[in-house]
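The chains carry the letters A, B, C and D, assigned in the order they are written, with residues numbered from 1 in each.
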């Protein structure tokens, strides 16, 4: 399976460049008879859309998604679902100046070396715009998970050192940074604004929790659920690390602290701790699934930088354009989507075993 | 592809339970004409072997590996290599008492729920003993990488809060904890000894670096090299998080700090920083590859714990047996192996593109 | 990998229903820097197009293909190529009468049973129209093969008992049935016309030969080249059998007759016979690759038939519409495409080994 | 997935050379809680074993299979099953004379060209001995199918032009050629004996029927059940063609003849014809599954032949050793096994959809 597909049974294949004709996806392995409309997909795309607030990029991409196949009378038929978004706000000329320059932190250099050719219009295939199709596919995955009473929520846990002190899921979609804490959200927004004015960018941490995950998802040995989730979330361009449950904090814990003690009351699993993040030995254990990803500061910044040129010399550059000073708020939606895609696949694979 | 295989071209499939007849692996997609002996594999297995020092388990597993196929006159033939280790030190009776108890932190509960049956002898398939075959396969992967002048080194960066202050690769194999700093190593050993006497365990951080990695390994979009490495290393039982380059520290950095500035001198890539850990946009960029994994404290501890029983009640248990108070020194070899397996596959896949 | 994708490195994923919005494909794993235009793809689609002659269906499908991604300045970039054809001549109302009837020989019954829902508009996903995207993908595969001096030619060897007596490749595209023998072609056309007037249909045999196939394509044991080709050609709806070289005639031969005797003259392989059809032990051997497929008579016929209804009763039906009385001439293009797709993948996989 | 594995969920990986240390297999994706003993596997291996009768090779291979993993108290646990057979009757010295000669019809030439090295001891990996592991894996697949009331029967339909006139399943295992017709069997045996005395070999046709196959196995578009079966059966070395239902005879039929008319009586599917061989549009349709494969005459014959040498000259050779003058009777077991493996996988994949 080549690199633009993910999943074994619920399989997502995407295509499209930032400033090409269109972005598209094929979602194969979708269960039949699930109600699905373009609006279900659009709703998620709108959460990822640029220009939602002052702290994100001001580019206007309408990103209207079309469902091309796999649907009959508003229900999935079990055949692959083709999705398409035409690129409308494409201004490749903006990038002509960067045709022979490899922007720092971007794929420009490695694509040129790997393929001997590259689409320099806005990063082409390596653009963050590629994630639109992940979000679209994730919307369909979420429909499958919802049928099994699984729900996924993502939020910004930390931006530029400012941490969310409390987790109030109700406020996430009510602030520009998707933090679960309105006080922290305000500080984050102020910080991002200041950084933007300096022509710079910041990163942060995204947390995703999954409720209702049944016991038994994930396969031994190499297809552990956390291994699959790590791969799918790490495949998002800006992610530099992932962790589950206690994560990196486990390095300072004793075994007697770390081991989660669980018991059953009225057939319901009870546990005081969740250091394993809902996954034991690679298989979901019935506790809440908890995963975090660190998001690097955006590569594209207005500040002057030293870049490599195509003939491997260096040159000073200033990247114009409308870039996110902090990608975290929009990346929340992408991380959620990748978690959804991976869980939908794990669910269908586990089903084949029973 | 089911869960006991990993890789697309260089494909490793393993089998075997901790106290079953044997552990085995099939390594498919091996290049032909590479010199290979059982001793090449044994050498790596010996680095993982229990009983190497006072800080690891005192179990004696000789782990003599046999090569069953794929070799002719000391060279690989391109056909799959079958590897086998008979289990010798197996004492399933030790585990009879745990037949109906789910040990905290272990796979016992989830395997029983998932399959409705489980091999309770030492954790069966979910035992850390399974990693012997990863190490064996990794030894073969390393031979392929060596031919391309790639080398992998792993070490313990931190145990129980004690950090290696310097990175001296020469001392790694000369101390019981595989730390690159002899002063830190001594402190780690003392700490582990103390914890063991308390019937407890500790975790830590392992770092792996790869030198000589050519530009261009890894595929967009979902098969990014860091995504593949994240999956393969996260599939090791004790790993709870992974990161590349700056990793989680990226959350506090500015874009202008994080972006690595590179230049070329005499056709050699020079860079002052390596925050991306040698991977840009999912593709190796010619810098040193740097990855870290956090290792949780060992599940099996002598201290009394509360465990779930098969009928979902709770019971106090004390786990007897000879367990590692800190698995990090041995896990170094396993992490190296998974990195090697993933890079060998990425190398062969990239080759199909050129 | 779900059922709408084929290939390991050169991977084709298709979607779309006969009377849905559009048909599409994603071609991943395409080598970079290969000149490619929409016209290259269109040319092959035009060979498959309905309404080419009196002996095929009179439906008019313009089938204008769009390339949505993966191309820069007329060259492939190594990123996935998205292809799209909007359905224009769709008249779903024609099929309303068949909404609750399962047409004999068609997928109607099995799709309803498998999915509990089905797109009854012209067979939906199971329609022969799905093969348009195979042909489009095959056009790209052919470009890769051409670069390696491999060429694929398909023709109709036999229709309704009328055999091509000679193989003159030059006349194939010059007669309505794509036979390599103009005399036989005329008889075939007359026969098809007669059958059509009787409201019936006929089948035949298609032969594909490949010149320039290098030694070494195909992998032992399960991925033998003939196994891969058998799967890909058998996945075309109308194919009921495939054979290589002597094929089914081998049943009456002696070993001493069947074994091909080869020799080398001036480094060129010479052989009097080719009973193996260019593949020994699953690996291309340097001789011409020869494969045949039997095509069943078209399911959709005007003659009255007994059909199953949705409530599993029977009913007399007459299928209106413009159907091919013999699909062989158009199927030639589809078989060629599947052979091309399979060889392109085998070529890239073999490359990873060397 | 590399070439020595087959299947998506029920995945079989094999290794081993004819005269190496051992042959082995790993069967992953096996359902848990299925009773399984080494004897279940041995029983099928004994049906394939050489030396069963006068018409097969007189080599004595005991082929005692060991189950190394995946079993607990006589039941499968859901973890991979490792199987091993040590090679006992290996006499590599017999083959020293053939070290630099490429035997006609064998893999010798293509392996040397593909890998630049080859195991010349009895064909190494390309030996028919490799099929032992297919049969072993097939035995496990049959256990899964049996639980769903599916049964597979294979037999020799034709050898050297002598056809079985009737199909009496009870006599298949009671005659040396596994024909379903004792009169034809006697003629076949006489014919084979005569051919053997002439130092030659013959081929034939094997038919496999599957009863109890539920509606809905197989996936559109590329993973049609017949496509998967074609690949798996064609991957058996001696097979040169496969067909389903009417197969190649479809070339002479009218659509009105070919279309199978089905009806339901007491919820049971009734049909007078089965030209589709139990598969409509790539999905099992509830009728009996009928598949045929043509087996080429054995490559290894005692008669003098002209062979290629390693330096690409020609030389007369006479192949000594104990070879099957007709492989059909033993190949029946291998074809059955491949059908079983493919159906078990299709069953588990289909399950993930429902």
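Just so we're on the same page, a contact is a pair of C-beta atoms (placed from the backbone, for glycine too) under 8 Å apart; a residue touches a chain by one contact, two chains touch by 3 or more.
Nothing here was measured: the structure is a model prediction, and the numbers come from that model.
*Asks:* Could you let me know which interface, B-C or A-C, is made of more C-beta pairs in contact?
*Replies:* A-C
*Asks:* Where the centre means the average of the CA atoms, what chain is farthest from chain D?
*Replies:* A
*Asks:* Please report how many Å separate the Cα centroid of chain B from that of chain C, as a whole number.
*Replies:* Centre separation, chain B to chain C: 46 Å.
*Asks:* Please report how many Å separate the Cα centroid of chain A from that of chain C, as a whole number.
*Replies:* Chain centres of chain A and chain C, defined by C-alpha means, are spaced 39 Å apart.
*Asks:* Mind pulling the residue numbers of chain D that touch at least two other chains?
*Replies:* Touching at least two other chains: 1-5, 8-9, 14, 29, 32, 78-79, 111, 114-115, 125, 220, 353.
*Asks:* Quick check: in the complex, which residue numbers of chain B touch chain A?
*Replies:* Where chain B meets chain A, its residues are 1-6, 8, 12, 14, 104-107, 109-111, 113-115, 125-126, 130, 158-161, 195, 200-205, 215-216, 219-224, 226-228, 230-232, 234-235, 237, 240-248, 250-264, 267, 275-277, 280-286, 294-301, 303, 305-306, 308, 312-314, 350, 353.
*Asks:* List the residues on chain D that touch chain A in their complex, please.
*Replies:* 8-9, 29, 31-32, 78-79, 220, 348-349, 351-354
*Asks:* Can you list the residues on chain A that touch chain C in the complex?
*Replies:* Interface residues on chain A, with respect to chain C: 1-5, 7-11, 13-17, 20-24, 26, 28-29, 32-33, 66-72, 75-82, 84, 114-119, 124-125.
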